[in-house]
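After this come two complexes, each holding subunit A, first together with subunit B and then together with subunit C.
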Partner chain A sequence: MTNAMFRVWKGQGEQASFKDYHTDVTGGMVVLDAIHQIQAETEPTLACRWNCKAGKCGSCSAEINGKPRLMCMTRLDTLDLSMPVIVEPMKSFPHIKDLVADVSWNYEVKKRIKPFRPRKPDAPDGTWRMQQSDVDRVQEFRKCIECFLCQNVCHVLRDHHKHDEFAGPRHFVYTAALEMHPLDTEDRTAYLKDEEGLGYCNITKCCTKVCPEHITITDNAIIPLKERVVDEFYDPLTRLFRIFKPKG
Partner chain B sequence: MSRGIDVRLPQVRKLGETSRTDAWWVQPLLTFLGLGAFIVYSTWAAFQGKNFSYDGGGAHYLSPFYSPLLWDPPGMHTGHAWFGEAPSWLLSMWPSFLVFSPALLILWAPGGFRFTCYYYRGAYYKAFWADPMNCSVGEPGFRQENYRGEKKLPLIFQNVHRYFLYLALMFLVLLAYDAVMSYVFTNPDTKQKGFGIGVGSLVLTINPILLGGYTLGCHSFRHLIGGRKDELGGGAGKKAYDCASCLNRSHMLWAWMSLFWVGFTDFYVRMCAMGYWSDFRIL
Partner chain C sequence: MSDYQTHEHDVLVIGAGGAGLRAAIEASASGVSVGLVCKSLLGKAHTVMAEGGMAAAMGNVDDRDNWKVHFADTLRGGQYLNNWVMAEIHAKEAPERVRELEKWGALFDRTKDGRILQRNFGGHRYPRLAHVGDRTGLEMIRTLQDYGIHQGITVYMEHTTTALLKDGERVVGAFGYDRERGRFRVFKSKSIVLATGGIGRAYKITSNSWEYTGDGQALAYYAGADLMDMEFIQFHPTGMVWPPSVRGILVTEGVRGEGGRLLNSKGERFMFNDIPDLYKNQVAKDAEEGWRYVEGDKNANRPPELLTRDHVARCINREVKAGRGSPHGGVFLDISWIKEKVSNAPERIKKKLPSMYHQFKELAGVDITTEPMEVGPTTHYVMGGVRVDGITQMSNVPGLFAAGEVAAGLHGANRLGGNSLSDLLVFGKRAGEHAAEFAKKHGAGKIDEAQIETAAKKALSPFDRPTGENPYAVQHALQEMMQDKVGIVRTEADMASALDGLAVLKKRAAGVGIDGNREYNPGWHTALDLDNLLIASEAATRSALDRQESRGGHFREDHQEKKKEFSNHNTVIRRGPDGAMQLRREAIPALRDDLKQVIEENK
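Then we have the complex of A and B:
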């Protein structure tokens, strides 16, 4: 058993600041366990959001030693406990209290993305036929648990506050899952360019690095979408070929 | 366009400000040093206009910085030039303060390919422009709300990447040809050409292999050969896409290995041509 120090963001608005807590930790504990222990032992008003404690609900997103991570998936034996463990709320969203940020902006943005629009059924019984390999590509994107760590680490939102013009990596993954789906017939490239602000992404790959589901966000979702936008708006040769391409 | 959603944020970080406790500055520093060293060396080599080919011992080595060699500099006969010695009209247009260097006629193409490459963009935005310096590390204050990304001028021109890809594919073929020609040696006495292997042959062979791994794993190439489609099916197109995806997964590694090796290949040929190194003949 080790006595570890946790430097936790505590309070609301201008009054919020770091507060130090000591607690005994043992092997196998995660940061969320330590936060719960601090709540039980010394600070019952310490607010944090959590649910499944299994890395699947995406509720306990926070910044641990400056890195966006899930508290329930960050084992204490991976951290240097001789130094204070810094625990902060996500910084790309409005702060509510202690470790809780208001992520509702994400839900509003998601509602505005054009929904799935399948082609007409392939068979008279109303079913479709697809290659498994074609579905596999979008299946990766469906692993997203909406923890919004990718949104939090993205500097376009975090540092430049482009919330009005930029949808963020989570919504690019969501759009990619729709746009690359073999049955979908909707065209979202203009929306991606103008409303989702795809061009603001400058490919830092930070979103990919923090994804707890290991979705290759930049290489498999964002860059392929950027290429589709190039096809539609920035590549005169592709547009020329499209004129002569047989319809059907 | 405004979404009309009020998002008031708690804080704005300053340049380099972060709660990260790891050595977050190491990665951008290494990128800065690696890319900086290559830019300095390649610029120096490109402006030399000499020592870019080696014919000692009957070899036919040509530096990749000068390939394709369109014209030989005045007074030089390397045997690699497509159109012989530089014509007078070209020399009359050449700036008088610069030594004529055929590398300057072609290097913009592979240089442009790397400059607009998705991997390098992310890397040099961090290392050279602190945009951001690293993940969850604060940026320069002046940029804050004025950030333009690649949505507006000037970086919107990064979208030209696929055109540089088309050129890079042509360069790949030309450098593969140079590699093949490096196995052809001219007998100094009989002037007959025959097969041979020098260390330089191996150096020139590794170069297009690494460049191939980098170019064929390019995100734009992956898109063009199948990524643009929602249904790939199971035929040759799917296999090609999977192959490009496989290379793409290690795109960063291929980018660095090919960058180092293309510089080293020029260095090897240059050292041999200047007489500092002698090319060891294996066969």
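Then we have the complex of A and C:
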């Protein structure tokens, strides 16, 4: 057992600042365990979100030693405990208290994206037929646990605050899952370009690096979506075709 | 007078896991106004952790499957204490509910001919679980969430309900607070659906999240509703045991469904040593036959690892107690051995069990494709809960409905794996439908200010005692005690002392104090959850004391056999006029003749 120091962002608004806590840690503990121990031992008011404690719900997102991580999946034996472990809330969202950030913006963005609209059933009993190879690609996107770490790390949101014009990597993954769904018939390409602000992404791949579910966000979701937008709006042949295509 | 904000809906759904979301969608579809209260953020409820799949007799993999076999399996697993009306409805309606998810965008794993793939699971005769790798719960909650947000439902994220409000016999609203600001909220509604889940946080070793504090059970109890079958708590046989901080985290039954075998420290496949009578015609005679079953041989019987959870958990417990356990007090669960049988074993394991691979690699440093896992029982699910009408899901309190884990009946003495996700869908839908119907038939009731005042005073009382005991200390003491005394193996002496312990803990809970303000204060939330945990624990203990036999999830060391005199009733708990907990035995209605025949045909 060793005693470790945790430097945790504590408080609300202008009053918030780092506060140091000491607690004993043992083998196999994760950062969330240490936070829980601090709550139980010394600071019952210390606010953090968590649910499953197994990397499946995406609630306990935070910045640990400056890196966006899930607290429940960050083992203490991977950190240098001779130094204080710095734990902060996600910074791309408004702060509520201690380690809790206001992520409600993400829920609003999602609601504006056109929902799933399936084609007519393939079989008379109202069911569809899909091959596993056709669903594999979309299943990757559907692994997303909505931890919003990708949103937190994206510079378009974090540094340029384009929350009104840019939906962020999570919602590109969501849109990609809909667009590439074998049964979906909706068209979201114009929306991607005009409302989701896909063009702002300059594929720095920061989102992919922090994804705890290892979704290849940039390569598998964002770039194919960019290609669709280009095909539809910037391809000269398509543009010519559109001029002559009867409206309706 | 306390300050509070008021919201008004026709139907209020409390809880936003699978059952709550499905109920809200259904109610909303019938044209009434719906409020959905969730304790966490939307999409984070415990359903997200469900791994293996949802049971529905679609017969996509084995066409011998149908609702009758599913019904018989469910009753056999529940040791015939199930509400058979619910079991019949569940078996018949589950396939349609699963297909409905596909219509809303869920992407299940596929069969070779392009239909929904189904996998083997404990206690199910045929491959029956529609699944997505080992993250079926995530797929389900996300599908319901992404569909639900477009149905005009008002969602109250991070709100906790602490009391139900009544007008005479009937419920007419709920009282609670929002987490962010700690402000009080009053929800007026014509009917209420409880979908709050279970009570796992009453135990030290559990697969359940912080939300699982018996809120719905306690809300219903105080509102005068019956709780039933509370002695039946499922200890899932395979939770992680090491490192200590992950103890209890679930290891899906899907590992065994895909061929995983349980071994003791001697390398012995001990599950072959104890086959219960109810299943002796359904278990493989040797390892070879068990593997053929996993590989889909229709003439083979299941390996004994796929017996029901209550039985497997007890067998593991016995091995550990007999000194044949693994280094950290569990047994070994090995899936890596399938490399003896198939050439692409590591890829197959990663494809079928991706999150198990990930979980063990990251949290325990174990590569499940090359080495065995260490596992042991973990508190997982409560079969008991609010007693409801099998068709409408309404409790004995008019206007109060319950669905999912918080409701009792479908699972009897033991739940089959996979029957929970289908339960959420089938009975979530029914609860939503009937709650909406109730709301249409009945006007708004009268909200009684005095009830609001009482609830507000109770909620604020921990702030009056800034030097009171730390609520976490009381919670931990309760968890230790329930784990020791009302756990997987029970005795009269232990449980009697647990009742004394609960009386002491109740006093301690009444003296907890907290510091700080009302805004996002987990100490306060923990203090308020204590009362719910204590009600659920007391109901479980009293019911378990009364059942002097062993059946399903309830095992008595001092009464190890099933007994006829206990084979035909449910244990029911109600709050007496004096505020004390009252217990009665309620006879189970005789099974309909055609259903009796179904049971006979599937023996």
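Everything that follows uses one rule, which is that the second predicted complex is superposed on the first by the 236 of 248 C-alpha atoms of A that agree within 3 Å, B and C clash if a C-alpha of one lies under 4 Å from a C-alpha of the other, contacts with A are read in each partner's own complex, and residues count from 1 in each chain.
The criterion applied here is as follows: a contact is a pair of C-beta atoms (placed from the backbone, for glycine too) under 8 Å apart; a residue touches a chain by one contact, two chains touch by 3 or more.
This is a predicted model, so every value here is computed, not measured.
In the superposed pair of complexes, A:M5 makes contact with neither subunit B nor subunit C. When the two structures are aligned on the shared chain, A:W128 is found in touch with subunit C, with no touch to subunit B. After overlaying the two complexes on the shared chain, residue contacts for A:R158 are found with subunit B alone; subunit C is out of touch. Of the two partner chains placed by the overlay, only subunit B lies in contact with A:Y200; subunit C stays clear of it.
Contacts of A:Y234 after superposition on the shared chain: subunit B is touched, whereas subunit C is not. Of the two partner chains placed by the overlay, only subunit C lies in contact with A:C52; subunit B stays clear of it. Once the two complexes are overlaid on the shared chain, A:M83 sits against subunit B while remaining clear of subunit C.
Of the two partner chains placed by superposition, only subunit B is touched by A:M180; subunit C is not.
Residue contacts after overlaying the shared chain place A:I223 against subunit B, while subunit C stays out of touching range.
Annotation: subunit A residues 130-131, 181, 184 touch subunit B in one complex and subunit C in the other.
Only residues 1-5, 7-13, 18-22, 24, 118-119, 121-122, 125-126, 131-132, 135-136, 138-139, 143-145, 147-152, 155-156, 159-162, 219-220, 222-223, 227-228, 230-234, 238, 248-249, 251 of subunit B touch subunit A when the two sit together in their complex. Interface residues of subunit A facing subunit C in the complex, by the touch rule stated above, are 12, 26-30, 33, 39-40, 44-59, 73, 75, 96-98, 100, 102-104, 107, 110-111, 115-116, 118, 126-132, 135, 138-139, 142-146, 178, 181, 183-184.
On subunit C, the positions that touch subunit A within their shared complex are 40-46, 48-49, 99, 102-105, 107, 109-110, 113-117, 132-133, 135, 137-139, 142, 146-147, 149-150, 157, 180, 209-211, 242-246, 249-250, 355, 358-359, 362-364, 470-473, 476, 514-516, 519-524, 526. By the touch criterion stated above, subunit A contacts subunit B in their complex at residues 16, 63, 65-68, 80, 83, 86, 88-89, 91-95, 105, 108-109, 112, 130-131, 133-134, 153, 155-156, 158-165, 179-182, 184, 194-195, 197-206, 209-210, 218-219, 223-224, 226-228, 230-231, 234-235.
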